[in-house]
Amino acid sequence: MSSITAKAPAVETPFLRLARDFARSRTALAGLAALVVIVLAALLARWVVPQDPYDLAQLDILDGMMAPGSLGGGGWTYWLGTDDQGRDMLSAIVFGLRTSLLVGVVATLAALAVGVAVGLLAAYAGDRVDGLVMRLVDIQLSFPAILIALILLALLGKGVDKVIVALAAVQWAYYARTIRGSALVERRKEYIEAAQCLALPHRRIMMRHLLPNCLPPLIVVATVQVAHAIALEATLSFLGVGVPVTQPSLGMLIASGYQYMLSGDYWVSLFPGLALLVTIVAINLVGDRLRDVLNPRLNH
Amino acid sequence: ATLTVGTSAEPSALDPHYHNLGPNTRARKHVFESLVSMDAKMRLQPELAESWRAVDETTWEFKLRKGVKFHDGTEFTAQDFVYTVCRIPNVANSPSSFTVYTKGIAGIEAPDPHTLLIKTGKPYPLLPVELSTFGIISAKAAGGEAVTFDKAGCKAESWPTTQAFNDGSLMIGTGPFKHKSYTKGDRQILERNPDYWGPQPAWDTVVFRPITSDGPRVAALLAGDVDMIESPPVQDIERLKSAPNVSLAQAQSNRVIYLALGVQDTPPTITGTEGKNPLKDPKVRKALSLAVDRDAIVKRIMMGVAEPANQYLPAGFYGNNPEVTVATDANKAKQLLAEAGYPKGFQLTLGTPNDRYINDDKVAQAVAQMFTRIGVQTQVDATTANVFFSKRNKQEYSVFLAGWGADSGEMSSPLKALIATPIKEKGYGTTNYTSYSDPELDGMLDTALATVDDAKREKLLQAAVKRAVDADIIIPLHYEVTVWAMKKGLSYEPRADQYTLAQKVTPAK
Amino acid sequence: MTAAPIIELDGLTKRFSRKLDVVERFARRLGAAIDDRAVQAVSGVDLSIAEGEVVGLVGESGCGKSTLGRMVAGILPPSAGTLRWRGRDLRELSPTDRYHANLKIQMVFQDPMASLNPRLRVADIVGEAPVVHGLVPRRQAEDYVAATLRQVGLDPAYLRRYPHQFSGGQRQRIGIARALAVQPDVLVCDESVAALDVSIQAQIINLFMRLREELSLTYLFISHDLGVVEHISDRTAIMYLGRIVELAPTPELFDKPNHPYAKALLDEAPRVSVEKRRFAPIRGEIPSPLDPPSGCAFHPRCPHAMPRCSAERPALRAIAPRRWSACHLNETTGP
Amino acid sequence: MLVFILRRLAQSAVVVVAMSVLVFAGIFAIGNPIDVLISPEADAFERAAAIARLGLDKPMHEQFLRFVDSALGGDLGTSFVHGVPALGLVLQRFPATLELALCAMLVAVVLGIPLGLWAGLKPDSLAGRVIMTGSILGFSLPTFWVGMMLIMAFAVTLGWLPAGGRGETASLFGVQWSFLTADGLAHLILPAVNLALFKLSLVIRLARAGTREVALQDYVKFARAKGLAPARVVGVHILKNIMIPVVTVLGLELGSVIAFSVVTESVFAWPGMGKLLIDSILQLDRPVVIAYLLVTVLLFVVINLIVDLVYSLLDPRIRLGGGRA
Amino acid sequence: MTEPLLRVDGLKTHFLTRAGTVKAVDGVSLRLDRGEILGLVGESGSGKSVTGQSILGLVDPPGRVVGGRVLFRGEDLVGAGEKRLRAIRGRRIAMIFQDPMMTLNPVLSIGTQMVEAVQAHEKVSRAEAWERSRRALARVGIASPDERLAAYPHQFSGGMRQRVAIAIALLHSPDLIIADEPTTALDVTIQAQILFEVQKLCRETGTALIWVTHDLAVVSALADRVAVMYAGRVVETGTVAEIIGTPRHPYTRGLLESVPSRNRRGVPLRSIPGMTPSILDLPEGCAFRPRCDRSTGACAVMPELSGEREDRAWRCWNPVGAEARGDAA
């Protein structure tokens, strides 16, 4: 009985298993592929598009409002047309994507970091700390994000950094609550008791045992929240608070192109809109699939 | 017949004295009239006063129209004017009252119910113009038959509240329309005043609907929800022109869009100059003015619906100086910069509102492009008007873009407000946030504003505007053009003061 | 008994209560029926365990077995009472000593899946604590873990695997290896075989017995399965609603239970036998610890209940050498 | 329940206090409302007079104390811009927003639950996949962009529906409502759909997730083992269980619908509270912003109480549980 | 021999999962006479529950009955339409599940859940259905049934809930009750109460019972006959006395020997080595082969179920006691 014979299945890390499960959905794979392309394009923006739309010296209003496919003064073709400032829409979209993604990702990460720290602490410390923190979270959550963001941004002024701060400020509570929820569940599991019984330091239990087991659902939430943050930034830019006009995000591009919708110069708003749409859908597809893959209840 | 108008902004209140603001005045002009009014070209016209003249340097005599009835049937008399002037400083919570226009009045006498003798403290040529800004309310309806004018403040038991106008109870004027109903944020409904003294308007009912977003406003017209709209966005004008059942009316407005260059000792938004303010150097200012291609802006950003400006009021307005010109020459600009010791330029942040003037932030971006091209790397700080005006008023911009509409329709208005040295007592420099001061120019204004003779005054103003433009402190960009779009079959004489007046809208002959 | 017992519990009590927050206190002022809802999970348990002994703890769901086990293992602090480790009150020990004492008592859990961190490899699950506590240098951790795994009958080749790649029985072995890795003297086994199939259960029970021999371990063996307890333990304690109602050497207890509850429990447990039998259940339900009956907690269900039983709680008394029981009947019939 | 109400009230009080401080400080920091409000022709005297009239010359803490003082007396101040009591201004706009939000919710629930049930019962069917993909789309589209597209499509290109505004209203309980007239209803459709889209996706997802989970429960199998018809199993046993999370989330979301109506109202020129808020923020009309916040917070409290009542109707475990933590 | 009440013939239920086809039930045959109690025992995952659910066509996708017959009073339920099955479920064959916390819908009152069960099969008024429910509750020993009917499941203890489930099963006096480990989650004393009620009811009503469990002790005390399952197949069947007294399959014997109370105190238990195989990759031939101490080359071929009688059979090439016939193991 001391030797237990069983065919040893190939060592399979949870990550590999996840990847395999993930790949089973073709839509999700398509989403992932789109996302990779988008992220790469955004990262390599300077090299993939002809113009730096944030550099005013490269713009010429005489090239403004050209229809897609027009030949511009710079000698290259504006495949997606130009806006009123003579920005090549393709370049503007890629750079706008970069700004939007940056805002979405950084804001989400910041909110995640704060939320995780607070939520984990609340769950692990319990009692008073928990009560206090959670009341705070409740209060924050009982107020719609867009209003708080609106007021905060009106306060903070314009700028990518400020948008990030505002979005992080409205999102952290959400993570705090989510992670507290799962941490409370996990904390009751026996492996945490086992760790306590082994007299492991609290910090270690929190970081090495509790956190990794609470994180997966949060990662799903976070991916979806990135999409949300991007949409929210777009909305805020649309409402006139948000990023600076000379460094337009996708939302800003849509908003400034909005006025050309009716006049038939559709490209100024439509293409950024489609780019935003594809980005958000891709993120959501990936997030959705992750949710399914990570949900143990539906897994077997 | 009913006329439905989609307006671009809503009055903040129906009280004619509550808020000195375009939409409020537009709403007021349908129900309440003033002694004097302006026509579409902003020339003075008799309204409740049939005629007026300056008796001496400081006394004006107004002959009032006889037989004019308020909507409640009482007759209009001099007392109504007295009461109105008395009430104006006594509007509770008014964020911006009309006292600017009444405080020149030192005394009022009414030798008979249809004659007014108005005294001013000093010579005051603009008095008739200023009397055109506010509407006259019924003293009787407000219980003010006994109120008498007192420079230090009139006495009355109580003054009508703004609420009383909003709920319609005091909406009793002499105008061509009677107020019928008002739902804030949604619509104001007016009815023809059958007893109106002047020509009867063509409409039995007029509905004003605020549709503040540009797109929906145009869409509402195209969809036939409204018959007429104010200020369709410039980019839609081509489309509207080609629409089969829409006609347009457009006129140059009294509003100039300008760049203001600050000459503070330490420039708030200029870097790369070791703390010095390059704008103190007239050459640099000239260079910036030369850098701006006004035609390009008008053509590309304003879609041709604007006119390049070379001074602060377009030709045809009182005080416009045909000899003043501005030029565009990027090479010259670069050369001037080099001469001034900035061959590599410097960095500059240009402040602009993004929701105040037509395409304001886009114009600013275009200007930034042009500045950048001569070597002055320019960032644009576009914010909502609330933030922008607060920052600007604290002089937090070295260069900003703004606009000025001369309500009086004459050149003294922009000169006095934008470039004259701020002097509280004279009301000079109220909007001068550049720290610029030119005592000689102030002197020229002083003289002009004390000259009651119109022809003489115009000459003086023309000289002053030349001096002002040449200083390149307030660089004119373009004059906005006001556009109305309406169903085919309607016609409207476009107005320089931008008001949409239903009584002037007529079904085409 | 000769040497000082390795563990001694003296009036050990655990109460779970939730403090009311401001709002709730205010609401109570307003007359809302809100109580603090204290659960007395374990009340005044006295028990001593000798070195090398296996004490079984039996009782029905919710009677406080796990809570008691957790207090012994140092996971839960007691609300009252003392816990002595080799004769010394744990609270009086210096922090380092206390921490060493805590390490010496380890626990093996019920759910083989939930008790293993799903995101750690076996090597880390078993090796983490010894390395953190400096029992083995990090570099030798792998060998140490391999040796421990071998001890519990697992192939060290599994070192790099994750818990989900094991069967239930193997997972339980990993759990045991984790406990053994810090070289404990006492194992608290809380339903450690309850989740396993009969055939696997037997393997694990054998493993426990072998380890006891090899490592001279002491066990507090918690189970609701009477057969298992009977098989493995030297002495057995029967708990009902937070209290020990009977404590005796296992053979004697199973032969001739004294407390009526112990009797009912032993009678009603089905045994594998060839005959069909008729069940004749004790009436009533297990009361809630939120709202325990007065006096003897068993009196509402006891066939021998007397008026006294509902008024006065019987104390746990010696009724024979090494036998204790908490029942008023013992007094009327004499010791 | 009492505890719950008290806790909500306490929380809301904190929200109101915190938000008013924030708004006070915020608007103080953004700028002086007078800079926006005053006529450009006004001179320095008139400026000073206006500032004094609005009480803006006092230091911030003093303004705040004055506000608190009168707020406790029920007066939230007078709008800087409109010169009328701020609360009245907000309340007057309230029905329009409420109408819009409720319509949107209705659309979301009426369409979302059946679709979600379907997708949950047949997760692998084509319809199920289409519904889910559709819901991701609905989830992803930014509200304002959808609004624009709706206007483009249905108002401008097709000309079926009006582009904006509230249309004709009729009075009920002394309040003007759009849904009572055909014209009003036509005006209501596009904004309501616009606002509903996101919630619709949310409801679909909630309902689907709930259904998938509930369908696996033993009690569903037990219900089938009793010989119940599928209609009863789905319509009673599953539906009632999934309604619990749906109702909870929808309750919370009604708040966000009202908040998001800010966007929809801007796009569709819908004269509701949201538009008023945006305008007021833009004009630094502090009393109105605060009154808006107060009204919304109160509204949230009421909604939450209602949700809780519904909740306890749906879930007996809550009903008798006394105070809920 | 008369036609039995239920006859399961070569039943196969497979789950088509991502990882492959799970042959959860792979050729199970059972028979059950009226009034008889059959214990179905086996380790976790051996297919007991799936067998029970397959009889009533209650297997959820991705599971599907892929072969065999379920003859209930001569009618094959495998081919029967959903409508026909619905008429049988709850009325002729009732089912009770393992977890009493989960079998009752938490948001519906007990009364609702009982009344709907009555009305699903009979057109009776609500009042009458209510009355029937009251009587059913009384029969399983629940006092003040009116109050109880208005209550919700969370207001009941586990044992009470299980009794409610039994009462629901009794509503239509079914011919057969399939009870899937109904006492596993309960405490000893509560389990005894349930077993007591069930025994009494079967005696009184003559309802046949399939009692699914992994607890040999319960089966031995309750059942008439036992079927032992291993990896989706019945490996041995017989009367309780035969199974407990003279097990023929090595697995059955191993199970019995692993039970602690049948061993001497403190002596190592005789245990079955190895672990329960994954149903996804079973060895060729006899699934028990790798753990069996009696396996021979012959075991590479799946043995048939054979024995003395139809209801005393085993699936083994080298049955226990084959060397010395008649000798009890």
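Going by the order they are written in, the chains are A, B, C, D and E; count residues from 1 in each one.
Everything below uses one rule, namely that contacts are C-beta pairs under 8 Å (C-beta built on N, C-alpha and C of every residue); 3 or more make two chains touch, one makes a residue touch a chain.
Just so we're clear, the structure is a prediction, and the values are computed from it rather than from any experiment.
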item: Co-neighbours of chain D and chain B - touch as defined; value: A
item: Chain whose average C-alpha position is farthest from chain B's own; value: E
item: Pair sharing more residue contacts (C-beta pairs) when A-B is set against A-D; value: A-D
item: Approximate Å spacing (C-alpha centroids) for the pair chain D, chain E; value: 53
item: Intercentroid distance (Cα basis), chain D paired with chain A, Å; value: 24
item: Euclidean distance of C-alpha centroids - chain C vs chain E, Å; value: 32
item: Residues of chain E whose C-beta touches two or more other chains; value: 271, 273, 275
item: Sequence positions of chain D contacting 2 or more other chains; value: 30, 148, 156, 216, 266, 281-282
item: Residues of chain A touching at least two other chains; value: 1, 4, 6, 154, 240, 258, 261-262
item: Residue ranges of chain A in contact with chain C within the complex; value: 1-4, 6, 8-9, 11-14, 127, 131, 189-191, 193-201, 204, 208-209, 212-213
item: Partner chain A, residues of chain D touching it in the complex; value: 11-12, 14-15, 18-19, 22-23, 25-26, 29-30, 129, 132-133, 136-137, 139-145, 148, 152, 156, 212-213, 216, 252, 255-256, 258-260, 262-263, 266, 277-278, 281-282, 289, 293, 296-297, 300
item: Residue ranges of chain C in contact with chain A within the complex; value: 19, 21, 70, 73-75, 99, 102-103, 105-107, 109-111, 114-120, 128-129, 132-133, 150, 153-155, 157-158, 160-162, 164-165, 167, 170, 175, 178-179, 182, 203, 206
item: Residues of chain C touching chain D in the complex; value: 18, 22-24, 26-27, 30, 32-34
item: Complex contacts: residues of chain A adjacent to chain B; value: 56-57, 59-62, 64-65, 84-86, 154, 157-158, 240-241, 244-246, 256, 258-265
